[in-house]
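I have placed the structure first, in the form of structure tokens, so that the comments after it can refer back to it.
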């Protein structure tokens, strides 16, 4: 099957290229870049040197393919939706354009132009197989949720389903620098960013409505930029509203994720690796989830690679389902340790 | 463990999952819980009772 | 005035040595080490090469001094208290030995041996000048609070005093590796520690009772080891229990810290440096404090260098007061940027 | 085909496990650990959680397999060689035991016990397919060269073959902390190691004789520990002894490595990625090689992941050849960017 | 005495501000910035929050002072030299403008405009007290050498003076990201820079002629960007041309640097800290120098903080001399450990 | 480029590899050298001459 990437020179685009070049069925036929048109993929993605002869294409020259992945800054995919619909049977968007159904939330976080996109959002199946696997099998348009939202939703939804969430949830999210894309600027300048613990989103983060929409809980986020390039970790503070024991929380998660190919439960009481952290997930499509608790508080922790499970990997996993392929196709890299 | 071996089942003290053990399992043996991968120690037999395996105390931080 | 350091080869001991060697009045006359007895200070502390001829002393050979700083693992100072009282007019302990007054909390976090120490704790003035300046001026025994506790207390106490804390406070603390001292072990092995976001204390951290004791709020801590050597950051989630505006919170902090030499309020709404972070505080005795808020939540953020304001600096600041010296003596280094 | 790992809980052992668990033909049947006997592989290698049910085996209980990989500290494999020869048709050793043919060099770097091992070394084919592919196809004993040696040899051998090396070569090697294995100690303690540029081997490094043996040049090494967990980079300063142009050096490398599956030439004069560096090679089996030059000096640069091409990957690549499998089997991960 | 900083919002400018705000005699009266005119210094330099009320000045509004420090991009100081000469009795330039005497070298590295500046260079005393202390005492114009050049010159000059340098010297220099200043760009974008070992200057670096000019040796540099914000390390490979023992090299360095306030010799054969590295020098004005050797090669290693001894600190040290002040004034911070 | 197109060959100014170009290639066109992946600009035709493509000057370090 033929696949293309719009926004192929960005960080998400590069990760899509890596995954598609190693995919057993999907063949990468085009990756677009305005800056690098005509140059080999490795100009932007040095890890891909030697993987073939593909060069970047002008975004105006997209051929028709089976699957088109779009990894553009927000607003751009929506602006070209009509035209792109002609280009591929299956459209997978990684931007925020068609994630939010609530027009008020869309306007608050993405401006007035986002209100119309919210109206179009229900036509897109969320690219979250753990929650929407059946709908994805027949999807022709997919919108992949945000990276921190994915980590938070997967940690919180099973607790909500088990009646273990009472009131708001505090979601502390920590993120690496690749989450902001590859355009240089003062916040990402190395001397400023290298050792930072910058609480850049103390209140009101735009992933809050995504969490509400998919996990059914009101998340109050605080986001900190941490000294890492890749990786997201979420620490969610949940009040269960009643006594809850470890076994009950284990049951909630096991029930939700039994047989899930990319969710692992990590809640050990011994050793160095008791709770999820991103470093051993880099490059992998896993989302690790764990928890600890005391008498009236559950601390749920999840971790993933923002560019993989939080973006390109989640997109490929979803596209695999929509294309009738084995869900793990192209996504078997397990991550590295030490790292 | 093959299915036709005589087994006894005990509950994991951490996650509550059932842990199947050979009927001749002895006290102090260490098993890994299939539900949560905790290392468990057999602390009593008849009935089989499991506890989190003791760990060499390390300072895991701070 | 003559000063000595017990535990002079540890990380806190080294920072005390740096500060005392640059102090205008306190003269460092001895620093003990069992491993390095007879060797120059720079064997353990390479930054101190060239600062003089001092060599480490056997801890059994302490001379009488005016001020004795003790930076031993917990339990050791208490065990030698009788003997040490003869050695110095002023004892400043940096361990947890005489911090906690509540015997139950002491036992829970430091074992049965800590119950007796809790009984002795009231004889020690807490080494927290912002709260106990007057008592410190006449102190002969000082117990410096823990590093994360200091950061949390200074962020929370003004809110509590202003009636802006309703119920429990969630305290998310992030810490560098020097907080664990200089003994190698699996958790601090570089390949495991370098890129970690290890949530090693999801619930029940031993600094919780210190926060309760000094800030009067119940703190529920979650502690994460982050990729840094030095530095602590605390993000506290507070429900004010009533509508509270920015101005009111600013007032609470300004009232508490007007004229404080080592507390800076950092709560900008523009630029890169809006809220406190440790990197520009390394080596400095500042604790930076800031906040943001939404309709029913205050997010208070504080940062400090665990070895300075969170240990050696707080100790010297307290000793300055007890010795009748200008409070900033020896503590004027402002920190570095970029870092 | 059945494969086992001796020393399966070490860093090289963990990387072997990762590669074998993803290998299309070689099946990992045992991995030994004394510390973790009976526990699942993810106890030591958290990235491998979810890859199967394998638990560590007591090293005394090795079953017979087709290929046995040994990743023990030096001396241990040699001590058990007799016994191990019975356990597997193909033995692949990753330690230094049977690398050096020169007894004087062996004694100098590994002590008197190494002299006898040097005598046994010729029975082992070096695990360096780029130089010894044909011999590897029929090998039953393989000794994989050291990680820095591999990087240096692959950079220097084509220059030597082209007559472009006159006199000694200065080899500046930079290495991450995983090169020292997983035993905690003062040099690897995070606060000491995190930001280090420790020139720990200014002269006389033990990889020098390996380079001489395989590249035919006298290398004078200087080794620096750099702030990284994985990765080795070598910067070799070569005097060609005569005028040499870029095209001639390009030719030398192209001739040597045309068709090589795991050597990439990186010598660009534009963009950010002009010369090899390890970060985009982590997890990949590539060795990237490049150069620049002026009128009388060639600066050759190479990079690899010490645990992959410099150890486990080189071993699997060699074993693939010896087992008659496609050389790239199990080794297709391309690396990540950004990283 | 009154002092000002031109280019006060840059990284060097910020370090000058830190040093002058803590200086016992020099008073900082102005620091210029075009971007931040009218805003407090801590807008650009968050570490300086709380050090006073100074705000940035428009560079067109410089008042007359005793000492003017200029930290502008190259070419800018020279362009304004006439005007600036009226503004201060003592001009200290930190840019490359008046460093090079050789017009050919100046043109090669800084373009045709630099030829005239080379003609003016002899009027500037090099800001390198270890070599030019006497001339600095009467200087009215000072040009501070480059950061890597300073590290290399201080390591090499004593060897050259002792007749221990035969032929070219290979100078391997490693540098942090602050060396490139505070303008964002692709090379300094955090995801690209964070884990890099980028050999960005394999041959022909512009600090080579500075080393020749001051150390009298031909340096062949290779420069690598390493994962650090601050700090420069130089590893110089010297052929002594005759047998040389440790004692002779020690003598050469001791003779050169006896009594030097800011040079420390670090050449231990035991312990973790055998040779110089930058991390324990951050913020300090030291240049640490050490060496090891074998039969026909001396490996000299030096380290410094590029923003202090390699720029602002060297400038203040030189200005202290020219102003008749104690040389260490304002420069006593010893550095931190661990770091 | 298909093999039966009429092509002309020029040498890469960096690595010396032969670079095949369609005979109608014009001045200022950019091609990538198959030998070293340098970006090359056609600076003359008849005979075809290649040069390293100019780059927006960035400060690549220091």
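Chains: A, B, C, D, E and F, in written order; residue numbering restarts at 1 for each.
One rule holds in what follows: a contact is a pair of C-beta atoms (placed from the backbone, for glycine too) under 8 Å apart; a residue touches a chain by one contact, two chains touch by 3 or more.
The model shown is predicted, which means the values in this text are computed figures rather than measured ones.
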| item | value |
| --- | --- |
| Chain pair with more C-beta contacts, A-D versus B-D | A-D |
| Remotest chain, chain A as reference, centres from CA atoms | E |
| Longest centre-to-centre distance from chain D, chain (CA-based) | C |
| Self-contact between copies chain A and chain C, residue sets same or different by half | same |
| Between chain A and chain E, centroid-to-centroid distance (C-alpha), Å | 45 |
| Cα-centroid distance, chain D relative to chain F, in whole angstrom | 37 |
| Interchain centroid distance [CA atoms averaged], chain A/chain F, Å | 40 |
| Junction residues of chain A - those touching two or more other chains | 11, 42, 49, 178, 182, 186, 191-192, 195, 227, 229, 271-272, 338-339 |
| Contacts with two or more other chains, residues of chain F listed in rising order | 37, 39, 60 |
| Residues of chain E touching chain C in the complex | 11, 14, 18, 21-22, 42-43, 45-51, 178, 182, 229-230, 264, 266, 271, 273, 280-284, 286, 288, 332-339 |
| Complex interface listing, chain E residues touching chain D | 170, 172, 174, 186-187, 191-192, 195-200, 202-204, 220, 222, 224, 226-228, 231, 233, 235, 237, 272, 274-275, 277-279, 291-294, 297, 299, 301, 303, 338-339 |
| Chain A to chain E touching residues, read off their complex | 11, 176-178, 182-186, 188-195, 227, 229 |
| Residue ranges of chain D touching chain F (in the complex, touch as defined) | 246-248, 250-251, 254, 265, 267-272 |
| Complex interface listing, chain F residues touching chain A | 30, 32, 37, 39 |
